[in-house]
Structure formats: structure tokens, C-alpha cells
Amino acid sequence: MQAKTITGTSNRALEIDLTSRTFREVRINETDLELYLGGKGLGLKLLYDRLTPGVDPLGPDNKIVFSTGVLLGTGAPCSGRFEAVTKSPLTGIMASASCGGPFGMALKTSGWDALILNGKAEAPTYLVINSEGVQFKAADGLWGKDTDSAQDELLKEGNGALVIGQAGENLVRFANIRSGHRFLGRGGMGAVLGAKKIKGIVAKGGEVKIVPVDKKKFVKTNRKFFKAIEQNPMTSGSFRYFGTNANVNPSNAAGILPVRNFTGGSHGEAHKISGETMAERFKTEWDTCKPCVIKCGHKGTIKGQKRHIPEYETMGLLGPNLEIFDPEVISDWNELCSYYGMDTITLGGTLAWAMEATEKGLIQTQLKFGATEGVAEMIRDIALGNGIGKDLAMGSRWASKKYGGEDFAMHVKGLELAAYDPRGAVGQGLSYATANRGACHLSGYVLALEAYFGMASPHATRWKHYMVKYFEDAFAAMNSLHICQFTAFAVQLEPPLIKLTADFVIKLLNQNLSPLALNLMDLSLWPELWHSILGKRYIPYLSMLKFRKAGERVHVLERYMNTREGISKKDDTLPRRLLYEGRKCDAKERTVPLEPMLEKYYKLRGFDANGIPTKKTLKRLGIEIK
Amino acid sequence: MNINKYPEVKPGRKPLKRIYLAIMLWTVGKAIPVAAKVDPEIKKEFEKLPKNFTLRLMVQPERAFPLFFYTKMLPGFVVKNGMLPYGLQMILHIDAQGKVHYQGADPRGKKFDLSMAFKNLEAAMMIFSFRESTPTGYAHDRFVVEGYLPCATTFMRVLDIVQVYLLPKIIAKRAVKRYPKWFEMPPWRKHINRIIIYLRAFTF
Amino acid sequence: MPLPSFYDFCCRVKTISGINTLEQIPSQLANMKAGRPMIISDKGVAATGLIQVVIQALGDQLQIGEVYDQVPVDSDYRVVDDAAKIYRTKGCDAIIAVGGGSVIDTAKGVNIVASLGGDTLLDYEGLGTVKRKLKPLVVVPTTAGTGSEMTLVAVIADPDRKIKMLFPSYFILPDLAVIDPRMTKTLPAALTASTAMDAMTHACEAYYCLEKNPLSDSFAFRAIQLISQHLLKVLQNPADLQGRLALANASAMAGIAFSNSMVGMVHNLGHTVGALCHVPHGVAMSIFLPYGLEYNLHRCADIIGELLFALAGPEIFAATPKSERPEKVVTFIRQMNQDLHTATTGKHPRCLKEVVDRNGAQLVSQSMLPAIAEAIMLDGARLTNPEEFLPTDALTVLSNAWEGSPLDLKKVNKGGSKVNY
Amino acid sequence: MMPMPDYYEFLNYPKIVSGQFALENIPSELDGYHAQKPLVITSKSIVQRGLTKQFVKAFYDSTVVLGGIYDEVRDYAGISQAREAAQLYKARGCDALIALGNGPVVDLAKAVNILVSENLDHLGPHFDGAAPARPLKPLIVVPACSFNGWEATHAMTVDNRRLVADALYPAAVFIDERITIGCCPECLAETGIIALAQAFEAMTADGHNPMIDALAHPALNLLAQHLANGAPRPSDSSACMALANAATMAAAAFCNAPPGMAHLLTEALGRATGIAPGKLMAIILPAVIDMLQEQRTPIKDDVLLALAGLEQFATSAGPDRGRSSLRIMLTLVDSLKKTLPALREAFQIQRHLLDQVAHEAAGNSAGRFTVPQCLTVLTQAIQEPAS
């Protein structure tokens, strides 16, 4: 059936101009691939080459790039992911999002490594992509439809679709893009598509077959990878059986579960929404990205319907953060968000802000902590732009600028915090502050070491800058492969050196000799996969360092692009609540000592005191200065 | 919120400045009745004031400056006649004959017809350490006057002349607007007056 | 403008000014939640028909509780008690004072009794008895430049004890001062001249006396500019509302300036001749002003020299060498008095001997001068004069002022160190 | 000849006390309001700079007990903290408020004042337009470095919302060199440039009146004398005093005049970008002056008189005065170039925001400025100088 075979990678990108309804094929430079790996890195590079700083994110000059990685389509474990990058309407800076939906596979097997959207369609349109190019089709019938039915319509024309809901159409700043049951969640990419009047994109898929260049090596590495994943208790145990909500109980125990708009860190009722409880209560089964071996995505029977189980972040932010502990209600809201196409993290953060603002007389709504009344209506109002929902649809930063309450608007650079309170894991605080897209937990997931594995002290600031940089680089590289970030548990923790060392020794080493400990960490599985697919020679350790440097390059490029939009040290901060307010659950009323960590971090990264990458740093990384 | 994080702050004290001012007020207070006897000009000024008139110079707020701790241990007449410095007040009484008496620093049981008060300790220090002249101090709102106002200017004139007597010229020139030329008395008289005032002021 | 080592400045009364400003009173009162004011005034004002002007301007937007026009020239506490009783029986909720200093002080007193209750003002004597915000008080000054609408003390006499009672409190400040040229439109020429010179004196003294500060300077400077530009024109054309408005503004600004920087020997002499010989305040001011400038010339020549700019304009200022400016200021003021004398056909006196009462009798005889000189010691204004001012000095000044001859600068007593502002 | 407006309203409520030992006068001032126990509201940076210790010393030998020193304010005044402070106020039985610091500290104190005076739990009704009625509790403001003068006026910005009411005027402003001493040249320069703009715009505004001129005049004069030398020397107490005084006067004048273009643009741009107003003013004010120069807008003589003093004014030719005053303004702004360098962020302001900012500014100007006018100035302001 498959007509063509691509060995390695196709290096073709499809650039579409919506204004003129034209498209062209763009060859991806070999050096760019070498430097940026693919996925997020390459997507950013494509965007960097095209985007003028200072454009309106919702204007025709903004561009959105969907980029797949080298691994996708080869059958590498947990590789079923693709990345989108754009300038975010929520934050005004770069946003990148990763998604495990079927669109990535369909795009890649239509023979395209990346998709670039320019301009703005005049009328609602949807795009059909095949190996030849793109067809522009009128979306009059689809415009105004929810994501479910719109996606069903679109999937008639291909294997994988991207679709926005009414939230995206109404330019809700945190609208997301749906593909299958998964989402390009953060940064409001749905609004970017909505502003471009693109209801959906469907890729035909299945037109080409992708095979690695060095098959033998690939198969060997693959096997090692599977083994690691099967050995790791996170990837083969808790995540596999309880989903990401396996995090609820450890978070609650570590005091990093946000309660009542981040005024508390743990709650007695938190067990009600834990993965363990829900697995039993809703009789969950797997519903995952493809391909996947970890299988963290689950569905279950809730209120008599088969529903996707809300992920941990959704649970945390629509649950304890609003003082709600009923998973059924949270699932209702989650369904509503999927239906309209909105990011649940930003929504949760914004709702919590609205509740506190209501309590403090800044706005008048029905919302109240611990009460479910009015929440569903508010979600609808936000998606449809009714009443005060129109303001909340701009996110908590905008709303708090208009109505006040900036001291309890929990966002960094406009992006709301994920469901981890860094007062219980200060390294995560630094990571939130420095993450490129805003308060992102996926930029450098240091809290796993601090709060879950006991491999770093949660309140010490020593060497945290090093850990944050290390993980930021590693994750940026991972997102460029592009592979699931949860594989990190397996790749990083399963190699014999770390596996056989006692945790307290690691903690001691990590906290006091972090560079040594982290440099001894073996990440080779990832670069080995990438090298084998492209048929490049893999040199042990050195290639791993090169891989980490590529990650660093991707991170610094994104940072550099952000600084061109006006980001500097003043934005690398945390919500005032985290910096200045202690919590009652914490006898010492700790806060995040950000400043000293941040200074060291800048130095380590090669940024100047104002947080701007120096020319030297950019040159070292081979980033062309514009 | 834990309100104990923000404790109340009770006002502290500046004991040295208090003692300094008490001694200054005591000295001036003791000098005035003597000066009223020997200096014709002061005498003339006091004649303008009503009889049975009590006035005082003090530092506000009164409640913050109680009498010195040892006052209670002294016999009544010592306190009544102001034989030692007791506090930050200077009470003068003009009796029915027009004679001026210094009555110490104890305001209890007295009724004042005129009360001139420095607004605070630092204001009094500015004047009594001669960093500000009396007129400048007045212009800078360093003190408030209560009671029969027209006498206040008279009293300030008296203070000016007493300062000229008590202080060496180099300091007194800073303290008053115009250093007098002593037209009306021979220079030896001035010095004799000065000695008398000093002697009488510092003997009991 | 050097910043003094210490100053305070306060002019917290809301001022509204303009040609038809009286009409704004109802809405301003409504903002203060009052609608039934009592108008307090004196016979003199009533006789000129100004109260009718006010009542007409207030229109039917509010009810006037009572028009009380019985305030005497030297008001005392019995008048206050009387008015307060009427205020209560008529159920008023605000006061509009129309008149000069005495009326305004009385109104302040009435406000104390009416707002805080009780029968007599005597209950509230002394510091710290007025402890809360009083009822709305609107003042409409009719004579220029008393400044008492801006001050936070009410002075009310107690004839029984022969003293003036002081009621100092932040709470007795009026809420609103209304400057409307209609209030001064009908003022006769001689009075226009003397009230304007009164304001001029306030401003000049504010500019050189000890408590001066940049803010009072600035207000004083502008007041002088306005008066010197407009006074003669208004005298030539009494219906010139713009000019009247400028003069009224000038006197309000002079009031702000001197109530913050205090005044000096001119006021000292003025108060004394006022008390002893009943010389009208404004007249005394215009006569003594040149002497005040001359007497303090050696102390603050630079500062007095700056006044030439305000008085004569930049061209003359620039054309006069710096050393001659102070004398020129004095000459200028003298010339101004002379011009006013001419413009009012001799009704504006140039020296003390020209001051006469209604019947043409001389108010100040030469023999009274020593007594006046002695009495200056009872007035506080001498304290803020830059140079020491004693009865002997006063006598020199007075005899010159009586004759109308310039002061012999060599005879002014000097001594002491430089003045620190 | 000064034109006399047909109608104006003017109010400058607070008493200004400035100079040596000004702080020591606070107890007697409080006594004038029958207050004995003030609550002090201040910021962490003031505490860190040791200024609260100095401040407390001023209350030695008085009978005034400080009901507490609430020092949690940072760069934002919000209702959450206002509630906390109000709780403290009530728990301690305070009867007055002292705001020790700048901007947010004073804003917070004003909010607390409304809460405690009207016994409210939140400011909802006031945000909806109800004006707080007199009398509130006496509020004393003690300005510290980077005081921009607005603190002493009838406006407060709490939770990013502006409330303007006569009741919000503080009772008194105490400017004391122990507290106004500068923390850094940059802060001083920011204070200065804002004061300069406010005084200039108050004097040149359409609705100005002689009272406004009288307040703005000494402000401009003090700035002309002290801005260039004072800003780089934060430890020079006399310059700091002059700047704080100028800021107070300028704002007092400015709050009586309709807001000028530089102010409106700075405010709108600050809201859109989060950049400190002083930094923005440093680039917007020259652009506004350039516009005035280009349009040959007549500038009244008083500006030159205030900036240059009597002598220079008197010797300049009549028609040149407006232009020379603009020149002096530009020189003054230029003199701050070193202490307040043009901001990198400012040149990176998202161009698409400018339109929105221009609309907002024009909308707030009650029709005095048009959108294209605002946009021209903005575009010129954030033009990176070719170097």
C-alpha cells in the first residue's frame, strides 16, 4: 500500500501562506538538522528564520510551525509525539507545545517533517495535507463546532487531524489544539489558528514508510530502551497503571500540591483524586499516544460514559487548587475543556484567581473556593466570551492587570503555573522562572529529584542552577528528537551506575558535587536512537555531550528569541505569593529564594546580568545573531 | 495572619538630651529673676506683663517628660523653689508686686496664663544647642504658644536678652537677630550684671 | 529658590474661582451632602446688596435656612452663641460665610457650636477640644486678602475677660472658598485700592519674612504680578470683571502665601495702629509697606530686589543693575501709592497724617506715635521680621511714615549674623 | 500677562512639612487629629535600608506608640495586604496611618484607610464608582526614595485600579532628609524625570490656573537646579530633599490639571509593558517636547521663568522664551542620560501594542489628543537611536 520509503528523514517542510492560499516545499538544511536535532529545535529554527520580533501573535504576521522529530514513524519507543512552536497570544513570547496525537504520525507519513503556517485566511478554512501539498477547503460547516464533532468530520479525509474548538475561534488566549484525545495544550495555539481562521488541519498519512538508516543498531538500541522502561518502576508501574495522577499522593506528601490557589501545599482529601483511587473507582484502561510503551494515558467509566481520565495537572489545578476533590466533577470540567478546546492548566489557574478575586471584592462572580456552582457556566462563558468570561479568557495575567490581584495571579511571563508548588521544591521554582514559555513544569523537571526521588534536597539552593540547566538542556534535546519526556525516568535512572548507588549517596553527591554527579549520568540511549536512524556514527560519551549541547542550543535559541520580544531578568520571576508568602502547611513558612539561584544560573548559562544571552554564548552555540 | 510579627513600638528615650535640656531650662529659669532685677530693659519688659501671672517654657508632650526620678526624695521647698533641675519645664511667676520668681519645673497644681512649648525634644535641642536662633526656631514652627498671646513676644524678648547675658558673644550672636549695642549702659556695667546673674543663678 | 532648612506649607481649602462661581455652591454643597445652608454676614455686606447677589446665584437649588447678618466688626462669643442657636432652630446643615475676616471667624465659631452641640463657644476654648470634622463651611470672601479663609485658627473675642480666644484645629478649616468677582465689583475705588495694597503687602512680606519657602514665594510672586498688572486698570474701569477676578485671585494667593510664611513689621505696625487708632488695615498696610522694605533692606536686599521683576516686569528688571533693584522696588511701591492717590482723587492716603475717618478728622496724631511704638511689642508679627524690631526702631519708622518721608537707611539699627531662612 | 481662566477648582489638601527634624513633628501633628497610635505601613526595602530604625527614633520622647510596623509591601499594592494591615490596625486599636515609603506603600495605606474608616472588607463598592466620603482617618505620608509625588495626591492605585477622591488626600507629607536619602542614582533620576514632566505638563496644560502655576513653578525651579547634579549623587541629602519637594509640588499641581500627553502615554505604556514609569518617561518626555517644538506650540513664559530664573528670563527676548524653555527641558532630560540610560526593553516594546496604547491614551485625554498624535510620539519615543 505504501508507495514510498524514506530512509532516515525526508528533510521536507511544507510552508503554507494562508493569505495567498499558496504553499511551497522547503528543504531542511542538513546542518540545521545536525544542530537542532528536529522536533522542537528545528521548529524553533524554522520560526527564528521567519518571524519578525514584535508582531501581533494574533495577526497575520505570526507563524506557527508544527514539527515532527527524527524518531517519529520509525517505531522507536514512546516516539509518537510532535511539537508546535509559535509566538503565544497568552504570553507574547515563544510557546512550544508537545502532543502525542495522531496528527504527527500522519504528517510525517505524508512525507513532511514540518509544517509552517503564514498569513491569515479570509474565511474559515481547513487544510488537507498529503504528500503533494495542501488543499484549502472552506470550513463554514465546521466553524462553531466543538472539537469532537469537528475532528470526526476531518478524520474522514485523513489519518490525523488538528482541530480547534469554539475557544480557539473566539480567540481565548489559552485555547488549545486537539489531535485525537491529546492536545497541543499550552500557550494558546488554538487562538493562533483561530486568528488565522483555520478550523483544522488534516494530514492524509500512510503515504510513506520511514525506516532507519542503521537498522541493526536501531533495533539493538530499541531493545535496550524497552528494557529500561520495563525495569523502571515509574514507567512500568505507577504511570502505567495509575497514569500521571500517580503523582497526586507523592505531591501531597511532599507539600507541593497546590491547594486553594497555592495557599497550601497538601490537603487531607487529596487521596480522593489520586491515580490509585481513580483506577479502582473508574475501572481505567489504556488510551495512549501511539506508539507508546509507558501508557500513562487512561480512560475510564465516569458517570456512565467512557471518558479520558484527567491528567495530573488538570486534576491538581481544577481540583485542590479550587478546593474541589470530586474527580467526577473535575472530569466534567475536563470534558468541557476538551469540547471547547482550552488548556486546563491555565484555566485552572485563572479560575483560582477569579475565585480569590471574587472573595476579595475585585470582581463579581459566582465562583467560590470549594464550591462547584458556577464553574461549568464560567468555563462556557470563557470559551464563548460572555460577560466576565471574556476577560478571564485573556488569562490570569491580563485579568489581574485589569482587575487587580496581581499578587495572587499565579503565572510566570503570563503562563499559569502547573500543579507543583515550588515552595516545596525550590529548584522547580528556578525552573519555573527560567522556563522559556512561562511557568512550565516540563522545561526542567527538577522537582522529581527534589520531591519524589529524594535525590536532591528540596529546600537547598546549592547547585540547583546546575540541575536546572542540565535538565532544561536534556528536555529540550528530548523534545527535539522527539520522544516522550517520561522516558527520562527510564533513561536516566536505569543505567547501572545510578541504579546501584543508594539514593542518599546520590542525594549527597547531587547536592554537593552536582556537576560531577550529573555529568556521570548516562543519557546515551536517546542520542543513540537518533544517530542510528540517521546513520551517523555514534561516539560514546562525546555524542552524548553533543546531544546535550544541542539541547542547550535549542533552549538558548528560544531564550534569545524571547529576549528579542522584550524578555529580560525582570520577567524571570515567580508569582509574589511564592516569593513572599509562607504556607500554613509548612512550619517554617518557606518561600522560594529565587534571586541567588537566578544569578548563578545566568552565569552558568552565559547570559549577562540582565538575563540576555551574550554574543559569546550565541557564537559558541552557533546561533546566528539577528 | 500572625499579628505578632508586627509588634507595637513603644517610644524610646534620649536621656542625655533630656538632662542637657533640663539643666539649660533650669539655668535660664534661675537667671531670669536675677536679670529682671539687674537689667533695666528686662525689668521694663516684665512690667508690661499682668500681675499674678504664671508662665512656663516647656517641651512637649508633657506626659512624655515626667519629673526626674529623684524629685520625690527631696524636701518640698527644694522642689518648689526649683533649687535643682527636675524636668523639662521652666515655670516663672510674677507676683502681685511685679516681682519675678522661678518656681522650678513642677507643673502640678499650677494654672498657667501663658505656656510656650517646644513641639518636641529635638526642636528644643535645636534652640538650646544654638543651631537655630530663637526667631528662626519660631519661623520653623518649633514651638507653639498657648494662652495669653501678646505676652509671648514680650517673654521672647526677655529670653533674647537673658541669652545675651548668659552666653559669650560668639554664640549669642547666633542666637538672637540683633546683638544689642548696649547704648544705654556702660560696658563695665554689662560685665558686672553678667557676673551677678551667673553668681545668683548658680547659688541657692 | 533655595530650599529652606525647614518649612511647612498648608493651604488645604478647596478653592473655586471664576466669573460665575457662586452658582457652583449648590452642587458643591450637594457633594458634601448638605442642602440647607445658613448665610452668615455682617451689616456692611448686607448694605451693599452682596447677600442678595449670593442668594440669587444660589437659585432654587437649595433652601436657605437663615440669613444672619448681625455680625459686628469686633465679633465675640455671644454673637457666635446667638447664631448657633438660630442655626439649630432653623435646622440648617451648612454655613455660607459672606464677608471679611470677622465674619469668617464668627462662622468658624458657629460651626463649632452648631456641629458639636452645647450652648456656648466657651466650652470649646483651648487646644484639642474640637475633635472631629464639623459641618460644611463655605466662605465667600468679600474683602480681598484677609487670608482667614485659609487659616486653621478662629480668633473670637471674649469681652468679659477682655481677651481673644483662639480655637486652633484642623477641623475648623472651611471646606470651600469661593472667589467670584461679583463680590468685589461694587467696591469703591479707595477700598479697592487699599484692599489690593493689603494683599500686595501680604505678598511682599511673605516674600521676605523669615518663614518664607519656595511655595509661599511662588504664590506671593504671582499675587504681586497680578496686582501690579491689574490694580490701576480696575480703578480706571471698575466694571472690569476680568481685572476684578485677577485681583480677587491675587488676594487669595497672597492669603495662601502669608498664612504659610507669616508676616513682619508692616503687619506689626498695621495691627498696632489698627488697634490703637482704628486705622483701616488695608490703608495702614499700603502706608507701611515701603518702610518695611526699606527697614529690612540691609538684611535681604537680593530677595527684595527680586520683587522688582514681579512689580515692574522683566524689561525694567533687566534694565536695572542688580545693586539698584532693591531701592527701585521701594520707589516703585511709593509711586504706586502715589498713583493710587491720584486715581482715587486723594482718597488713598500716602502717609499716616493723611489718614482720616469718615468725618475727615485725622486718625493718627503725631503725639500718639511713642505710644504706638511701645505697643508693637504685643504683636507676634515682629518675631518673623528679618531684622529685629523694637519700640525705638518703630518710633523712627512711624515718624517717617507719618510725614511720608523715606527712611534714612543709615539710621536703621543693624547687628547680628546673617539671616537663615 | 497671565490669562485668568473663567472657572477653575483647586485643592492641595496635604500639609507639607519639610526639612531638618521634620519627622519629630509627627507626634504633635497627630495630636492635632487626636490620634495617638498610628499604624506604620512600609516596605521591605525600607526596612532593609535601615530607615525604619531612623523613623522609630523620631518618636522617642513622645507619647505616640506605633501600633505596628507592617512591612510586607513590595512593588504592588493589593487588597490582600490591605486586609491584613486593616486587621492589624483594628487589633491594635490604631487611630491613624503613617505610610513610610513610596508608591505602593502609600497606595496600600490609602486602601487600608478606606477599609478601616468605613469598616469594609473589600473595596468592591469603591471600584464600582462610589467615592469614599470624608472623613477618613488621618494619613501621614513620609516619602522615601523614588517618590513620584502622586502619593501626596487624591489618587490611589490599588490592584491596578485607580481611585480618585478628595477624601484620599493624605493629611500631611513629612519630607525628612533621613528618609528621602536616595537609594540609587537610577531611582532619583526616575523621581526627577517624572516630577519634571508633571510640573511641565501642569504648567502648560490647557486647563491651568494661577494656583497650579504657583505650585508647579517652585517644582520646576528646584528641578532645574538640582536634577542634573543631584540625580547621580544619591547620598547628597540636600539634592534628595529638593527632588522630593519638587515631586510633591509637581504632583500637587498636576493632579489639579488635566493630564498631559507624556503622562497619559507613560501610564498606558507602563500598563501594557510593565516597565517602570520613570524609565518610560525618560524616552517619552523628549518625544513630547520634540512634538511641541515641531508643531510650534506656544509655550507660556512662566515655564522659562521657573526653569531659568529671573535674570535669564529678563534678558531673553520675548518671542524666544517658549523655545528656550523647551531647550532647557531637553537639556535637563539629556543630563540624565548617564544615570537613566535609554532602556533596551523600551526599544523592544511589541510594536503591535503601540496602537492599543495610543488608543488608551487618547481615550483618557478627554479628546485633547488624537490617536495619530499619540502614535507619532510613541513611535518616535521608542525609536532606537542610531549608534
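Per-chain numbering from 1; labels A, B, C and D assigned in written order.
Note that in this section a contact is a pair of C-beta atoms (placed from the backbone, for glycine too) under 8 Å apart; a residue touches a chain by one contact, two chains touch by 3 or more.
On a predicted model such as this, the values are computed, not experimentally measured, just so you know.
The chains in contact with chain B as well as with chain C are D. Top-ranked chain pair, ordered by C-beta pairs in contact, is C-D. Chain centres here are Cα averages; for chain A and chain B they lie 78 Å apart. Averaged C-alpha coordinates put the centre of chain A at 75 Å from the centre of chain C. Note: centroid distance chain A to chain D, computed from Cα atoms, is 43 Å.
Residue positions of chain B touching 2 or more other chains, listed in rising order: 140-141. Annotation for chain A: no residues touch 2 or more other chains. Of all residues in chain C, those touching 2 or more other chains are 5-8, listed in ascending order. Of all possible chain pairings, those that touch are A-D, B-C, B-D, C-D.
Partner chain D is touched in their complex by these residues of chain A: 53-56, 59, 92, 360-362, 364, 400-408, 563-566, 568, 570, 576, 580, 610, 612.
Against chain C, the residues of chain B that register as touching in their complex are 45, 48, 132-133, 135-136, 138-141, 146, 148-154, 156-157, 173-174, 176-181. Chain contact summary for the complex, chain D toward chain B: residues 19-21, 24-25, 27-28, 31, 40, 56-71, 84, 87-88, 91-92. The part of chain C that touches chain B in the complex is made up of residues 5-8, 126-127, 163-164, 166, 209-211, 262, 377-380, 382-384, 386-388, 390, 413-417, 419-421. Partner chain A is touched in their complex by these residues of chain D: 72, 74, 76, 78-81, 83, 121-124, 127, 158-161, 271, 273-274, 344-345, 348-352.
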